[in-house]
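A, B, C and D are the chain letters, set down in written order, and residue numbers restart from 1 in every chain.
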Amino acid sequence: MEAIGKRRWAIAEGYIPSGSVDPDDPALVSHETACILNAGEREAKVAITLFFKDRAPVGPYRVIVPARRTAHIRFNDLEEPEPVPRDTDYASVIEADVPIIVQHTRLDSRRAEIALMTTMAFADG
Amino acid sequence: MEAIGKRRWAIAEGYIPSGSVDPDDPALVSHETACILNAGEREAKVAITLFFKDRAPVGPYRVIVPARRTAHIRFNDLEEPEPVPRDTDYASVIEADVPIIVQHTRLDSRRAEIALMTTMAFADG
Amino acid sequence: MEAIGKRRWAIAEGYIPSGSVDPDDPALVSHETACILNAGEREAKVAITLFFKDRAPVGPYRVIVPARRTAHIRFNDLEEPEPVPRDTDYASVIEADVPIIVQHTRLDSRRAEIALMTTMAFADG
Amino acid sequence: MEAIGKRRWAIAEGYIPSGSVDPDDPALVSHETACILNAGEREAKVAITLFFKDRAPVGPYRVIVPARRTAHIRFNDLEEPEPVPRDTDYASVIEADVPIIVQHTRLDSRRAEIALMTTMAFADG
């Protein structure tokens, strides 16, 4: 399939609550996700940079999304160069060497019931 | 009405939870929907391709949206070429031969209360 | 302020649940809203057309948004040419004679807790 | 990092519920947020103007977002030229002297459980 998307995306919202009612169920742990689709025929080398309120940006976090595959990246799982702090406002810029699609999702389970939100990220250029 | 929209759309998020508190109420079963609007004067032939994390894309799933009509397609209901797996990350590309609008929605009823999320899909070109 | 926005918008999702846990509280009754911002110096004459799955479009519903004002239009409250059916999939096209911004929101209170979703509508042209 | 975004954004939805189940937990108080990302190398001078249903716009509210930082601005916290009224429909235009990204979020805790919604704001020009 012909590639679809853009090479540069941004998400201004970011916040991983430290609490979850049921921390033993991975699907229902509070998390923030960057869902990335690489519909094209070439592997995507993705670099994520995190921005904060009162300190320098951190990154890049490097992720590979194979050709014709999707990767739903949980910010909770990012480890290198450092884990994403909980209960802290952040934002992100996501850059790739081929066109990709980026959609942002949060599942919040601080309370007994889950809350969900999603939006397409902002596509630059 | 003059056609409105684009011919190529993408949704990077996709996940149909297998669980629902009340599986006997179709309106409240956990589901993901691609809401398609064909505001123009010609029938839309729509092809949906699904992308996964670790296997080849599946599709096309074929849907007809008549002229001047909307179709809210539940991914849960797609059957050919194969049903959409539950509890599995996926993404989708939606292509049509005339301009359409695509909006993505999830209703999640794994817990007693429902959670909702929606976004316009990414419009290409 | 200089006008901002577009003259033609579309929302592919539409569904007003008939049920609400507490139908006596207007703020918490299940509803769908088209939030319209007219930031410019001229009154906006807005026409809303509704699309359905299996019958002809209905409209236009006519709304005036004064210059430099916002109007949060509940689809529940549209009466002319006919009320919007409950528990029915629909979609909408929103046209104005000056640039406006349109954002779509649903508050769903079929269960004891509310669920929310929102997205910018699709801006044409 | 090269600047990313636009200089003029709009959010048509705005509504801060006066009620919160647990008003003593700042993270869970009902709030509306404009998440702003300034990924570029120059400080952003941001001006927010609020629009209402039946009175003149109010503003500008002035906010500085340093270079390479994010600021998640709660409308609840805006004080000058006047606080944002509760239980009142509003909309906003957000302007900056350098490119920024704006994402809109509401956390609603009128009921015991929270509801979330988010969308990228509309980027003009």
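Going forward, a contact is a pair of C-beta atoms (placed from the backbone, for glycine too) under 8 Å apart; a residue touches a chain by one contact, two chains touch by 3 or more.
The shown structure was predicted, so the numbers you read here are calculated from the model rather than taken from an experiment.
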* Structure fact -> Rounded to the nearest 5 degrees, the rotation mapping the CA atoms of subunit A onto those of subunit D is 90
* Asked: Same residues or different residues: which describes how subunit A and subunit B meet, taking over half shared numbers as same?
  -> different
* Separation of mean Cα positions, subunit C and subunit B [Å, integer] -> 21
* Asked: Distance from the CA centroid of subunit B to that of subunit D, rounded to the nearest Å?
  -> 30
* At least two other chains touched by the same residue of subunit D: list those residues. => 112-113, 115-120
* **Parts of subunit D lying in touch with subunit A, wherever the complex brings them together** => 1, 4-5, 27-28, 33, 35-37, 39, 68-72, 101-103, 105, 112-120, 123
* **Contact set on subunit A toward subunit D in their complex** => 8, 10-15, 17, 49, 51-54, 56-57, 87, 89-91, 93, 104, 106, 108, 110-113, 115-122, 124
